[in-house]
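A, B and C are the chain letters, set down in written order, and residue numbers restart from 1 in every chain.
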Amino acid sequence: MNKKMNILMFSGDYDKALAALILANSAREMDIDVTMFFAFWGLLLVRDPNKMSKEDKSTYERIFANMTPKYIEELPISKMNFAGIGKKMLTEMMEENRTPKLEDFLMGAIKKGVNMQACKLSCEVMGFSEEELIEEVKIVTAYDYLKDAMESDIQLFI
Amino acid sequence: MNKKMNILMFSGDYDKALAALILANSAREMDIDVTMFFAFWGLLLVRDPNKMSKEDKSTYERIFANMTPKYIEELPISKMNFAGIGKKMLTEMMEENRTPKLEDFLMGAIKKGVNMQACKLSCEVMGFSEEELIEEVKIVTAYDYLKDAMESDIQLFI
Amino acid sequence: MNKKMNILMFSGDYDKALAALILANSAREMDIDVTMFFAFWGLLLVRDPNKMSKEDKSTYERIFANMTPKYIEELPISKMNFAGIGKKMLTEMMEENRTPKLEDFLMGAIKKGVNMQACKLSCEVMGFSEEELIEEVKIVTAYDYLKDAMESDIQLFI
């Protein structure tokens, strides 16, 4: 039976998403089963930038959907000013080192068969429907998360 | 034998506390044993707003106790300005969706029998005595945390 | 066979590093095997303040190495302004309570035999060579991290 890793992706920060997705990709390359459960700000990682429904949204939900980044590369980093080091510098250094972009790691994770889940309650509060998320993402409950995490050999909250 | 989850609650952020307490409540509903270990800023979640001793506190400890939120609903969110989305907006969206408040999740967790622990060293540094915490919270050491986490099926640092 | 804990140290925040290193020290005192894997900002915890190579660094890497804290006690805290509580206040309260400093916990962890690892990809992006890190730190890949975490009884992302 395969080993298994479960990542609860709470943060919507560029750098934390990078860490999570690098782990997810590496684990799949080692044939480890991986589930990523996107909750709260983490949901912003799995929005489909081309699909945004304006119907069925309350005023707050519409404002929220419009003000938050629609595209994964636009996510902010966790420390805007870590000793003056901003996101631009991080991405320039990644490029210099030929590290793939966040989006590439996300696409890689999907291609490699990472199980992508979005938190039902978070979707409800933020007003996202399954159609507005990347196709491979399924909406599941906290119970489903716990069942999966319970069977996993590694659980991380990122 | 029951399954077991252990959450080390380090953060004092409203949104992270929400995530942790939703998980704790859901786990109890699935009959999973849950321990929450409140350390550092996480201690601010389990202060009893009605009990604050001014005796036995150094000047720093008194300033600290006065300046930090006394009531769980006053906690700040982890990203003050996540693309302009503040705490007010988050709580309005939760209300619109009829999601219970943070305090309700905390009371729910206690009622459902979540094992509530506060970190001894954090209490000492911040100058909180057991009497200033919610009644159900026991002060324990890092060793106690490790013993509990070691026996758990899920461990999360939030 | 010994129990085992693995900490992925992503954050470069003073308070989070303190939490991680207190856990690592306590675990060793209980004879638990401990691995710390330093990635991203966490790398700033294991820089050797006396060794900084200017050769083999690109312009960005040189700026990065110069602008970020060279010495562990200079790290910022995770919430600059948690209700006005800054790092100075935290360290004053720790001193009052005779809590050892962050550096003492780091040295303690090393002395007690915590297995210290730095993330290869992070080192490449940030331009750090193994010589610029504390002597006891070995550079390893995400695969090595996953193998170690998979065999651990506790895994935390801090």
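Basically, a residue touches a chain if its C-beta (ideal position, glycine included) is under 8 Å from a C-beta of that chain, and two chains touch if they have at least 3 such contacts.
Because the structure is a prediction, the values reported are computed rather than measured.
Where the sister copies subunit B and subunit C meet, the same residue numbers recur on both sides for under half of the interface positions.
Fitting subunit A to subunit B on Cα positions gives a rotation angle of 120°, stated in steps of 5. Separation between the centroids of subunit B and subunit C, computed from CA atoms only, is 25 Å. In subunit B, the residues touching two or more other chains are 155-157. By the touch criterion given at the top, residues 8, 10, 12, 39-41, 58, 60-61, 63-64, 67-69, 76, 121, 124-127, 141-143, 145-147, 149-150, 155-157 of subunit B touch subunit C in their complex.
Listed in rising order, the residues of subunit A touching subunit C in the complex are 3, 5, 15-16, 18-19, 22-23, 26-27, 29-30, 32, 79, 82-85, 89-90, 92-94, 96-97, 99, 153-158.
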